[in-house]
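Two complexes follow with subunit A in common, the first pairing it with subunit B and the second with subunit C.
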Partner chain A sequence: MSEFDDFRERVRRWCADHVPPDWRTAQTGVSDAEFAAFQQAWFAELHAAGFAVPHWPREWGGGMSVGEQIVLYQELAAADAPRLVLAFVGIHHAASTLLVAGTDEQRQRHLPAILDGELWVQGFSEPEAGSDLASLRTTAHRDGNMFIVNGQKLWASGGAHADWCLLLARTDPDAPKRKGISYFLMDMTTPGIDVRPIRNAVGDSHFCEVFLNDVAIPAANLVGAENAGWQVAQETLGAERGMTMLELAERLGNAGFGWLVDECARSRSDGMRPLDDGVVRDRLAQFEIELAGLRGLCRKVVEGHDSGSVGPADPSIVKLFYSELLQRMTDFGVEVGGLPAHTVLTKSMSSGWESGAWALDFIGSWEWTIPGGASEIQRTIIGERGLGLPREPASA
Partner chain B sequence: MSEMAEFHDELRAVARDLLDKAGDEVEWRQVADAGWSGLEVPEELGGAGASFVETAIVLEELGRAAARSRYLGHVLAVGALTALSPNDSRDALLECIAAGTPVAFASGFTLLNGVVSGRAEFVPDAEGADTILLLADDDGTPTVVSSPEVVVVVQPVLDESRSLAIVTADGAAVSEAWPLPVDPSALHDRAAAAVACDSLGVAEAMLSATVDYVKVRQQFGRPIGSFQAVKHACADMLVQTSVARHLVNAAVARVAEGSDATIAVAMAKSYACGAAVEVAGKAMQLHGGIGYTWESGVHAYLKRAMLNRALFGSPAAHRQRVAARY
Partner chain C sequence: MITELSAEAKEFGQQALRAFEATGGDELVQRAEADPAARDALTGKVLAELGAWDLEPRSDSDSLEAAAALCRSAGYWALPYPVAERLSRPTDVDADGLIVVSDTRPAAAISGIDIDWAAVTLDGRRSRVSGMTNVEPAFVSHLDLTPLDGSGRGDVALALVLPCWTLLGMLDRALALTIAHVQSRHQFGQPLSGFQSVQFQLTDGEVERAGLEMLAKYALWSVGEGRPEAVDDALALRMAALEAAEVVFRVTHQLHGAVGFCDETTLSWLSRYSQPLRRLPFGLSATRDVLTRRIGRDGLTGLFSTDRATVS
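After this line comes the complex of A and B, so read on.
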């Protein structure tokens, strides 16, 4: 990796100068508004350094090689830098959707705006459309140059702060369910949108219900053709998977694993250290080995994305393996942390999925195994697209 | 595609074709004729001057075929010889090896007063080898020794695709003794990496056979592969195999470039060899009653995966090496 030594040193120095040393404490138990302000300020700092969207094409402000991105994420994790929680959907999912399927006008309108702090939310799931996303019921009726949208979206992470929404709505109720859906960009300030936070199992209210009542969206905000929204969503979901996972895998592999080792190396009240137990050491080694595999898989997906050699199931393999590994690692943190682990009642906002608050991290890991295609759905995708196994008769 | 990638694809395709035709056992003559015995032998000694990356491809294909061959023993011996400083007697032996002389390698011996003594168990492919190279301690200097007086006693194991033996030397005369200029652990790493490659091939073969089977086997009026219980089990096999492939590739690259490969090999050996047993076991399960028959051959893969897991360090032993850094 010596070719990246200079770059690594540059990122390391930047982190030393810019990562607020006390942000974890300062971000624990803060109000939603303070959290959002901190996120925006951190995004602006990263952007000023050219570190906010390294995975974007060069002409839009990115263009970092995969090797450099890995170094960047490693150093950010090593410096315990805050994560971009609020900007996540914008810089990953919205951007990849616009780059893959958007019009030039849409790209010009939104990509620079995202760099200026425009926040996005995903409006896909509904109360009756979770794993069976294609059965969504929110409707969009064309009325001249506008679409009028009615319905309800669920699990919209960051909905309370979002400026724009990636929206799937049914435009042809008579077509087969995957052929009557359209993909829209929806301005969250449009009249008729009501966002209500839902308290999740960890206790915070990051995700929301979004009620849509006669919301008017200009036809120019369609992404892809009318009724081709399902195909657009399929194309863009896979495209961003590797990018998002690259960062998360480096975080889990650096900071997350390091904390787990630290937790095991801490002397307990009886003077014993879990790390001196052969079983504990074996589990840690197994995690490190799986992390090495995960990081390699992520890298392959990102590099393959550039060269067109990503296997049809690779993004699902990475998501499934990451989320279950995160769950097992945080579970182990709770187990090894013993009763004291249960006295940590809050976790720092803006931290990674592994924050060292193991009990909350473990609970929070279901936010990875359920959304974005639950593990069961990923296994079905891997079986059908990766191995060519026959579909269930019911969904054929 | 790069020239190297093309060469690798061709090597793989030729290996798969040859092993398909060979059946359970591939004759050593065929291996030599295919050029695999000389892969890592320098070109001026009649070899291909290739690296462990190419050897790894052959090892993986042998695992995929669960083929009985002398290749593992050969790979260990070649690893010991290529680690030595070039000299006439070494070069002469490598030349013979490239041309097809069968060899093996055993460690744990002592060189004292010009004779070699010691005993090694579970030595791959010692039986029938023209030369068995011994790794011997010569008063603190690791030394590769050849002796015409070693005794070989076969150790039958459940996996019939491997030939293992006890190799004994009791004050045996030494025909050659070459000081080893590298840490002997590098030879152990190479052996463990070689077995990991084999297990990767085993896992891939079992995944592929299972997928083919569950696509055509019908129960309840539909292919069993359409049931989630079966499909998801296959998905997990693919995930494990994909992770194993990455770890094995990383370890092979490090062994090939001659850098310290201990951790990468420990990761690959423990994960891939563990995964291969799970994948082969799941293959037997998903093949149902047919999979449990002798004729299906699934058991041969499961037994090979089980033996691989135990050869050159158990998963737990390799994880201990990883954990020694915490």
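After this line comes the complex of A and C, so read on.
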């Protein structure tokens, strides 16, 4: 018996009662509006049960222990529950930013609103500022109690649905590049914002370009001090990484791995199952080992965050390992699935990064080694901050 | 073996590159995707003008090298025409093109190309393509086959080798595009190409591509000589080509960043249209399986093999 048995049983019963049994079919090929409506409704259900933001502090509606969170994510994955795709930035990045660096007014304004369904997008990357985020060029000029913002943001996932944006903009063009950036909360209904979806290789358009033309943001929407936005982003994103990875690791370890084993257990036209092949069994065993390692790493980062024992490179290690493991597993799914796997060209909206539509899952897995700090950046962080190696030469 | 294609073949390949560029270059595949029925209209004329269908790669060694060079140039532009498949046509059967198919679910990227197609399995069973159904992305159709005869063993090697030359051309291009991208894209105050980790990823891709190029020439020579192990060599080439494609597209996508997955970039098109070549008639693990079964413990013959009787 474990201390979590009762809780696990409660989540399991809740899932049996609440996870729509046909959601995968119902969410395949749906319009953007139907997808958004489903996401909002599912978030509301989870929130009513107290399962939407388990990682938040108790006073704001969360307060689960790390162990309970793991159990929750395990059971949601095992029940093949839909994922919170649209709420992701709000419940993780925005909440983390507000909790760490926001004012009381900002927290009061936004944290309850997020629980009511307020959606967020990250406005960080720009055409000329990808890996080198600090070279961003979007400007914000102070004009009395307002900042006037001009520029362009790129790869803003979920931008078309967002109510609010976490925005990084340059407020002091003369300062060294990391010293002249400020962090804003931007209302997406403000005049001057133009959101244009970009169609990607998987065929969906959750990436967006966001054009900002004389957008007025109240100075009260600054997070942290003016020109201290880079430090705010560094602190909040590191803190949030462990939390998001906990869910993703359990999803990959339960649902994703389960899909892969199912794929390997399916009889082919010659009556054989991939699972009967020793090479396939070895690969599955290897994945199981790597998943155990990943889940352990994630737990260490989350618990270490509470106790202050997270190493400077630990979140990067988790992201690097997860992203490359996800690619290896989805790649193997494509390989085992063979030609038929290439003909599954629709993926259920609201599903995880691994959905069993292996070809699309594999292409989608590249979103993990490129954005949010490409693997090259993570390796640099691990080398410099984790191992104490010299900084890369010639960086300006 | 051939370590360099003849000067004439290389010149022919260069002419083809320029001719494809003049005909529309990267836009050809984009226009063909919008209207697969227009594939022939978009590319048939330039191929005929180049004299592509006058080549006789099965009977003439100069033609064989020219055919390889032409396929490579077609791959470079992801030309939306099954050039390698058409050049693989058999000589003793009245057909305009030949496709190697697997025993189950025969399919090929030939939709919209209305000529007389023949198909052959690895063990030499030939058939006619009597219909195409279920057109899927990247011009792939499922094939209805009408059995013909069992005399196609000699047809297989060339029909496996030439599509690998097409894929080689795609890898040439993917690397060229990425080298240009990392030289022009500046981050951290310098071009991406200034970072050693970026250089090393590209060199890993180039090592794969260069190895594939050499194997492609070896297999072409083996086919041209009519060597008994030509099908094994062709399968070994295919395996190397698929492995190289995985590394090269992995590196080139990673270094392009997110934009490489958007159709604004040529890489996105190349990588998508490389898929049929990499998956049909069988993917990497199936190719490896077939090759392993064929060569068993003997291994490949190769250039420097000794008499097995003396070593066993």
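The rule we apply is simple: the second predicted complex is superposed on the first by the 394 of 396 C-alpha atoms of A that agree within 3 Å, B and C clash if a C-alpha of one lies under 4 Å from a C-alpha of the other, contacts with A are read in each partner's own complex, and residues count from 1 in each chain.
The criterion applied here is as follows: a contact is a pair of C-beta atoms (placed from the backbone, for glycine too) under 8 Å apart; a residue touches a chain by one contact, two chains touch by 3 or more.
A quick note: this is a predicted structure, and the numbers were derived from the prediction, not measured.
Annotation: superposed three-chain arrangement on subunit A; subunit B versus subunit C shows no clash, the two fitting side by side.
Once the two complexes are overlaid on the shared chain, A:290 sits against subunit B while remaining clear of subunit C. When the two complexes are overlaid on their common chain A, residue A:48 makes contact with neither subunit B nor subunit C. With chain A used for the fit, subunit A forms the apex of an angle whose arms reach the C-alpha centres of subunit B and subunit C; rounded to a multiple of 10, it measures 80°. Residue contacts after overlaying the shared chain place A:392 against subunit B and subunit C alike. Contact with neither subunit B nor subunit C is seen for A:220 once the two complexes are overlaid on the shared chain. By the document's definition of touching, both partners, subunit B and subunit C, reach A:379.
In the superposition on chain A, contact of A:16 is made with neither subunit B nor subunit C. In the superposition on chain A, contact of A:272 is made with neither subunit B nor subunit C.
After overlaying the two complexes on the shared chain, residue contacts for A:320 are found with subunit B alone; subunit C is out of touch. Of the two partner chains, subunit C is the only one touched by A:335; subunit B is not.
With the two structures overlaid on their shared chain A, subunit B and subunit C come no closer than 5 Å at the level of C-alpha atoms. Once the two complexes are overlaid on chain A, the subunit A residues touched by subunit B in the first and by subunit C in the second are 376, 379, 392. The touching residues of subunit A, when paired with subunit C in their complex, are 128-132, 135, 154-155, 198-202, 207, 269-270, 335, 338-340, 342-343, 345, 363, 366-367, 369-371, 374-376, 379, 392, 394-396.
Listing the residues of subunit A that touch subunit B in their complex gives 261, 264-265, 275, 278, 281-282, 284-286, 288-290, 292-294, 296-297, 300, 313-314, 317, 320-321, 376, 378-380, 382-384, 386-393. Residues of subunit B touching subunit A in their complex: 207, 211, 214-215, 222-223, 225-228, 230-232, 234-236, 238-239, 242-244, 246-247, 249-250, 267, 270-271, 316, 319-320, 322-323, 326.
Interface residues of subunit C facing subunit A in the complex, by the touch rule stated above, are 104-105, 107, 136-137, 186-190, 194-195, 197-198, 253-254, 257-258, 261-263, 268, 271-272, 275, 279-280, 283-286.
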